[in-house]
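Let me begin by presenting the structure, written as C-alpha cells, before commenting on it.
Here the chain labels run A, B, C, D and E in written order, and each chain numbers its own residues starting at 1.
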Amino acid sequence: MELFFQQTINGIMLGSTYVLVALGVTMIYGIMRLPSFAHGHFYMLGAYITFFLITLYNFSYWPALILSMVVLFFIGGLVERIVFRPLREQSQISNFIAAIGILLFIEHMVTVIWGPHSHRIPNPYPEHIYLFGASVSQQRLIVILAAVVLIALLQLFIKKTVIGFTMEATAQDREGAALVGINVNRVSSLTFSIACALAAAAASLVAPIFVIVPGMGSLLVMKAMVIFILGGLGSIPGAIIGGYILGLIEALGGGYISSEYKDVFAFGALILILAIKPTGIFGKGAA
Amino acid sequence: MLKLEQVSTRIGGYRAVNSVCLEVRQGEFVSLIGGNGAGKTTLMRTIAGALKPFQGSIQFMGAAIEKLPPDRIVRAGLCLCPEGRRLFPQLSVYKNLILGAYTRRNDRLGVQRTLSQVYEIFPVLKVRKEQPAGTFSGGEQQMLAIARALMSEPKLLMLDEPSMGLAPLMVEKVSEIITLINVEMGTTILLAEQNAHMALNITQRGYVIENGKVVLEGSSAELSDNEQVRKAYIGA
Amino acid sequence: MHEYLRKKWFYFLLLLLALVFPLFGPSRLIFTMLILSGIWSIATLGLNLILGYTGQASLAHGAFFGIGAYAVGIMTTRLGLSFWIALPLASFLCAAIGFLIGLPTLRTKGAYFAISTLAFGIIVFIIAGNWSDLTGGHMGLPAIPRPNPIPLPLAGEISFTSPAARYYLVLFFLLLTLWVMHRVVFSLQGYSFMAIRNNENLAEAVGINTFRNKLLSFMVANFFAGLAGGLYAMQLGALSPFITHHVLTFNLIIYLILGGVATLAGPIIGAITVPFIVDALFAIGPYRMVIFGVLLIVSIIYFPRGLMGGLTSLWNRTADYYRHRKDGVRHAAES
Amino acid sequence: MLLKVEALSKHFGGLKAVDGVDFHVNQGEIVAIIGPNGSGKSTLFNLISGTLRPTTGKVLFQGDEITAHKPYRVAALGIKRTFQTTTLFDQLRVVDNLAIGRRVNTKTGFWDALFRTARWRRERDETVGKVLELSGIIGLGDKFFDFVTTLSQEAQKRLAIGIALASEPGLLLLDEPTAGINMEETAEIIELIRKVREAGTTICLIEHKMRMVMGLADRIIVLNYGRKIAEGTPQEISGNQVVIEAYLGGKSIA
Amino acid sequence: PPAEQEEEEEVAPAGEVVIGYSGPLSGPAAEYGQDGLNGIIMAVEDINAAGGIVINGQVYNLRVAYYDDMADPTVTMTNVDRLLDRDGAIAIFNMVYTCTLPMLEINREAGREFLIMAYTSVPLVEYQHANELAVWLPPPFLGYVETKARKAMEQGWRRCAIVVDSGAYGQAWSRTFAQYWQAMGGTITYDGKGSYYADTDFSTQITAAMATNPEFMLIGGPSKGTMLVAEQARELGFEGGFVFLDQAKIDWVAAALGENAMEILDNTIAVVAVEHSIYPTIPEFTQRYNERFVEQGKATIVTWEAAIQYTSTYILAKAMEAAGSVDDIFAIRAAINGVLPVYGTEFPYEFHGITDAGRLHAVGSIAMIQDGAYQPPITIYWWPQNQAEFDELSAWAKETYGEVIPVWVQYPPPR
C-alpha cells in the first residue's frame, strides 16, 4: 500500500509537468490548428533562462521563474509572428516542417552557445518530508501544487474573461471571429505566448530536481502530443486529465510491470484508447 | 456614409471585384443584386476588411478603411453578417451572441438591452441559448448569424444573402426583420441578394453587379421594372 | 521545366544519366550519399502514397523502415537466410504489420492518426532497444552480410562489395518503386486514394470503402518502407535502434514536403537535395543545424509546395508571361 | 416501392431531430421533402445514406433492409446523395471528380493497376466514355479538364449532382440542389433533374423554392419538428392549411 | 610584411597528417563526444607545438578533422567517407560502439584503409569483430565489473538492485555484473533500467527497487542521469550503497550534487576521478585542460575520455615516426607495438602494450567514498597472463607511483 501510494505520488508529479506542457500544445492546436512539435524546446529554453537568471544575475528562484515565463511569453509571440503567421494558409504538414525547423534551431543554438553539457539549478527546497509513509521532496510538492494553481488560473482566464472567450471563438471560426471584431492575429500570438510561458513554468519548476540539457524537451513533447490526442483534440479538460492519466500509467506500469517498457505502456495506451474511441476521451468531432 | 471608389479585388489571380463605385447614405437601405459568382461576397468581404483590395479606396464615415484589419472596421461601426454564417459551432448560442457584442464589451447594460431585443426578434434563440450553435439546422444558424451581427449595434449592417437556404416562411420573416432593423433602429443596411424579388421589395435603392462590375443602379422600383433585371433575377 | 518533365524523353535522359553516373568515377562520399539518397527515395515514395496521395499523415514510417532493416538483419545473421529471400520477406512483413497496426489506427483521422502512428513508432524504438535477444538491443546488430553475388551467364558474377554494384542495386529497386507508384497512382485505384485525401465524407458517400483503401495504401507504403530498410541494412552492414527513431520519420517527411508532396519526382528530388544540402552545411561547422533549421523554415514559407511545386509555378508564371506577350502582340496586330 | 422508411427516428440528446417518420418512394418518381428550417430534412437524408445511425426505425431499399449500413455500402447499392453545402473533390479536375463518382461501378484494384490487366483497360475506357457523356449531360463538357475551384458556384452544384449520377444510381437524394443560385440557373438545374428522371433515376429532393418544388415533384412530404405533417401531390399540399401555417406562410411563393 | 612570411615558409612543414574524428557533438551524447574530441585536439596542439612529427628530417604537422554524427551510424558512415575523401584522414577516432560497427566494414577495402581508433570498453569486441586495422583504446569493463563486485562483497553487501541506463552500455554492463555477482553468491533483487538520456525522473524505478530491500544499487550511465538517480534515491529514503558503472564520472556527479554530495554519495564505488589519479602528470594536464576547454565552455570537467584520447593520439604520432611513414596504414599499425609502453609519469594515462587482438593495455582504477572521503584508488591490471607477470607489474607500480593497490583481473575471462 505504501508502495502504491509512493508510486501514485510519483505519477502525479510526472503528470503535473506533462499537463503544463500538453496544455500549451492543446491551446496552440486549438487556435491555430498547428501541431507544435517544437513545444518541448520552448520548455527547454525556459529552463535555461531560469538557470542563467539565477547563476549569472543572482536572481532568487521565484523571481527567476516568473521572469523566465515573461521572456518565453515574448519569444512565443515573436515566433508566432515571424514563423507561423506567414504559414497561416498552409497545411498542417507545412506547419509541422516549420516546427521541426524551430526545434532544430533552438536546440542547436543552445548547444552552440551554452554547450552540450547539462546544468543544474540549486534546489531551493531540498528537504523532504514523509506523507503516509511515502517520502516526497518539498520541491516535488511545489511542482504539484504550482501546476494545479496554473491550471486553475488558465481555466478561469479562458472561461471567465472576454479575452479567454475570444480564444475559444478564434479556435472555432477564425474569419467569423475577425468579423465580430476580434483581432485574430493578436489572439494567435497571445495563445502562443501563454503556451510558451506555461512551458517555461513547467521547466523552471522541475529544473531544480532534474537537470537542464538541450535535449530535455524531446521526449516530453512526444508525450504532450499523446496527451493532447488522448484528451481529444484541443480539449483543455482532456489535456489535464490525459496528463495525469499518462503520469500514473507510467509510474504504475513502470513500477509494477517493467521499467524498460514504461513508455510502451504510455504510448500503447494511446493506441488502445483510440482503437476504442477514435476521437480521444473528450473529443467530439473528427480532426 | 460608405463610399467606394474604383475598388478592385483579386481572388487567386481572378479579378472578382472590378472597379466598383458605390455609395450608401446614412439611414438608407440598399441592395446589391447579382447572380452566382457575380462578386457580391467578395465585395462585401473587401469592405469588411477580410480581403484587401489592390486598387481603389473605401471610405466609411469619412475615414479611409481599405487598409484596416477587420476588427478595426467592426469597431468603426461596420458589421458584416457573412455568407456561410461563420458561427462558433461549439460555443453556445448565448456565447455566440455575446461575442457578437465583443466591440461593445465595456457597455454591459447596452449589451443586455440589445440581447433582449434580439431574443424578442428570434425567440428560438432564447429557448435554445445553451445549445452549441453547430448543432442548429441551416436556417436556425442563419438567424443566429443575423442576430450576432445585430449585437454589435452597427451603424452600417451588411448582410450577405440572409435568405439563402431559408424556408419561404422564414424568408418573409427575415425580410420583415431586416426592414424593421432599418426603419425602427435606424441602422443603415447594405444587403446582398440573389433573390432580387425579395431584395427589391424591401430596399430603397439597388446596384446590380455582374462579373465583378456594377452594371446598373437605381431605385428599387426602377430596377424592378427593368426588363433585363426581371429576366435575369426575378424569372417572370 | 514542367512541360519537359511531362515529356518522357526527359525521364529517359535522367535515367541514362543515373545509369552512366558511376563511369565518371565519383568519389566514395558521393557514392555513399547517392546510395543512401536512393534508399531514402524509396522510403519517401512509400510515404508519399499514404501521406501525399491518400492524405493520412503516418508518423510511423521510420519505424517501418527500421522494422524492415531489422528483419533483413535478423534473417540474414540469425537465420542465415540469403539477402535475396530476406529482402522481400522483410517487405511483406512490414506490409503485414502495417495491416495489424492499421486496423486500430486507421479508424482515427487527421491528427489522431498521426499521433497514434507516432506512438507506435516510439514503441518500436523502445522494443528495438530493449528486446536484446532478438535485436541485439542498444548494442545493435552487427555483421550483416553483403548480398550473395548474382551469377551471370558469361561475365562471371556481380558481387556487392563494390559501391557501384550497390548503387545499381538500389537504383534498380528505386525504379521498381517508381514503376509501382506510377501505375497505382495513375489508375482508378489511385483515384480512390486521392478521393480520400480530398474529402473523406464525400468519398464514402460515392461508395468508396475508405477504411479498406486507407489500409491498402498504408500497407503498400509500409512495404516500401520495409524494402528501403532492408537495403539500408545491406548498405550499412550493422544496425542500431537509432534507425527506428522518429527522427528518421521526420527526415523522410522533410524530404517529401521539400521535394514536393503528391508528385512522383518530388520525393526523389527531396531525398537527394536535402542530404546534399546538409552535407554542404558541414562546412560552416557547429552552426550547421542552426542554419538548417532556418533553411527549413524559410523554404517552407517561400516554397510551401516544395521544389517541384516551386518549379511548376515558376514554369507557369513564365508561360503566362509569354502567353500574355503573344496576346499583346496579336491585339496590336488586330487593331 | 424503391425506398421505404419505417418509423425512423433520430435523437440528439433530448432533441428529436427526426421523430417516427414513415414514407416511401416509388420507382421513377420525384419526391420532394419540404419543411421549415431545422425540421429534420437533412438528418433524414443522413439516416438513409448511412452517415448517421438511426435511434430507431428501419430503412428498406428494394425490399432489403439497409438500416445503419456504412455510407459506402449504401452507395454501392445504388443510393447516391448530394450534400446541402456543395461538396466536391476540390483539389481535382472535373473529369477526376466524375470518374471517382463512378468508382463504385469499377473493380480495378491494386493488382489490376499494377499489371494493367484486361479489366484495368476495359474499365478505364468505359469510365472515360461514360464520364465524357455525363459531362455533356450536366453541361460541363467544355470544362472537362478544369479544376473545380475555377468553376462557378452553379457549375459546382451541377458537378456535385454529376458525381452522384456518375454511378447511374437507382435513387438520387438531392439536398437543396439550388440553394443560393439565381432563377435562370435554377431553371437549368430543374431541366437537369428532369433529364435525369427521364433517364430512369428516381429522385428524392429537399428544396425550399416552392415554385420549383410545385412544378417538379410528383409527391411532396412535409416535415415539421421531425415529424411528417403532410404528404400528397403539389396541389394537395399547397392547399393544406397545416402546411401553410407551419411552412409556406401567407403571401408569396418565391 | 614579406620578410616574416618568408621566414614562416622556411619552417613550413613538409606536409600535414590528418587525424579524423566522428562522434556525437550535438544531441544527448554530445558532452561525452566533446570530451573525447578535446583530448585529440589538445594532443595535436601539443605535438605540433613540440615540432610535429619528424620523418627522415621532414616535419609533418597534425590536423584534426572532425564531424558531428549525433551518434547516428548513418551519419558516421558518410562522415568516414568525408574524412577519407575530403580530408585524407589516416585514422578515425570514434566513441560510440554502434557507430563503430559499420566502420569495421569499410576500413579493409583496398585503397580505403584507415585506422579505427575505437573507444569502447565492451569486452571481447576486439575478438568478435577482429579487424587488423582497429585499435581498442579503453580497458575492457570486465576488470571494473569484477573489482567492483569484489569490493561490494567486502562491504558485506549481498542484495543488489539494478537501476542502470537502458542504453547499450548499461545493458551489457549490468548483465555481466549480474553474472559475476550471482557467481560470487550475491542476489539481484530488482532489475529495472531506465533511459538516462531521455528521462529525468527515476522515482518509479527507485521506488520499485527499494521495495525489494537492496543493500546497494547498481546505477550508472551518462553522469547526469547517474547523479539524478543517486539524488532521487536518497530523497526517497534509500540508505544503502551505490556501485556506478564506469561510464559515470564520480567527480562530475559530486560537483553537480553540490553541498550534500559526500552525504549522498556515501558508500559509493566508482571509477576514480581524474583528479584523484595516481599519475603525477595529472595536475598539470588538468590545469591545461581546464584553461583550454573548461573555461571556454567546451567541457565541464576533465575526464578519462579526454586523457585516453590524448594519450592515444600521442601513440599514433609516435607510431608514424617509428614506421617512418605518414600514409602506410599497415606499417603504422604494426609500429604501435614498438612505441609502447607509455607511462603516467609522462602522459595523463598509461598504456603498457597492446594485445594481439588490438586492445591497448590500459589501466583501470576504482575508488570508494566512505565516511565523506575518497578512499585510495585501486588499480586494475587485466592483461597479465599469470601471477608472475602481475607481481612484476605490481612491484613496478609501487616503485613508480608509491602507494598503489593493484589488483589482477583475468582477461579474456577464464571460461
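One rule holds in what follows: a contact is a pair of C-beta atoms (placed from the backbone, for glycine too) under 8 Å apart; a residue touches a chain by one contact, two chains touch by 3 or more.
Predicted model only: the values in this text are computed from it and were never measured.
S.K.: When every step has to jump to a touching chain, what is the lowest number of steps that links subunit A to subunit D?
M.R.: Each step joins two touching chains, and the minimum needed here is 2.
S.K.: So which chains are sitting against subunit D and subunit E at once?
M.R.: Joint contacts, listed by label: C.
S.K.: Can you tell me which chain pair comes out on top for contact count?
M.R.: Per chain pair, the contact count peaks at A-C.
S.K.: Measuring centre to centre with CA averages, how many angstrom lie between subunit A and subunit B?
M.R.: 42
S.K.: So, what's the distance in Å between the C-alpha centres of subunit D and subunit B?
M.R.: The mean C-alpha positions of subunit B and subunit D differ by 30 Å.
S.K.: How many angstrom lie between the CA centroids of subunit B and subunit E, rounded to a whole number?
M.R.: 76
S.K.: Any chance you could list the residues of subunit D touching two or more other chains?
M.R.: Subunit D, residues with two or more chain partners: not present.
S.K.: Quick one: which residues in subunit A touch 2 or more of the other chains?
M.R.: In subunit A, 107-108, 111, 260 touch at least two other chains.
S.K.: Using the touch definition from the top, which residues of subunit C touch two or more other chains?
M.R.: Those would be 130, 286, 288-289.
S.K.: Throw together a list of every chain pair that touches.
M.R.: The complete list of chain pairs in contact reads A-B, A-C, A-E, B-D, C-D, C-E.
S.K.: With touch defined as at the start, can you tell me which subunit A residues reach subunit E in the complex?
M.R.: Touch residues, subunit A against subunit E: 3, 6-7, 10-11, 13-14, 107-108, 111, 114-118, 120, 122, 126, 128, 135, 137, 206, 209-211, 213-216, 218-219, 250-251, 254-256, 258-260, 262.
S.K.: So in the complex, the part of subunit D that touches subunit C is made up of which residues?
M.R.: 49, 51, 70-72, 75-76, 80-81, 83, 87-92, 96, 99-101, 103-104, 106, 108-110, 112-114, 116, 120, 123-124, 127, 163-164, 166-167
S.K.: Any idea which subunit E residues touch subunit C in the complex?
M.R.: Residues of subunit E touching subunit C: 25-26, 67-68, 71-74, 77-78, 81-82, 84-86, 97-99, 101-102, 104-105, 109, 112, 122, 128-129, 166-172, 193.
S.K.: Contact residues on subunit A for subunit C in the complex?
M.R.: Of all residues in subunit A, those touching subunit C are 29, 35, 83, 86-87, 90-94, 96-98, 100-109, 111-112, 222, 225-226, 228-229, 233, 260-261, 263-264, 267-268, 270-272, 274-275, 278-280, 283, 286-287.
S.K.: What part of subunit C is in contact with subunit D in the complex they form?
M.R.: Listed in rising order, the residues of subunit C that touch subunit D are 180, 183-184, 187-192, 194-195, 197-199, 201-210, 216, 220.
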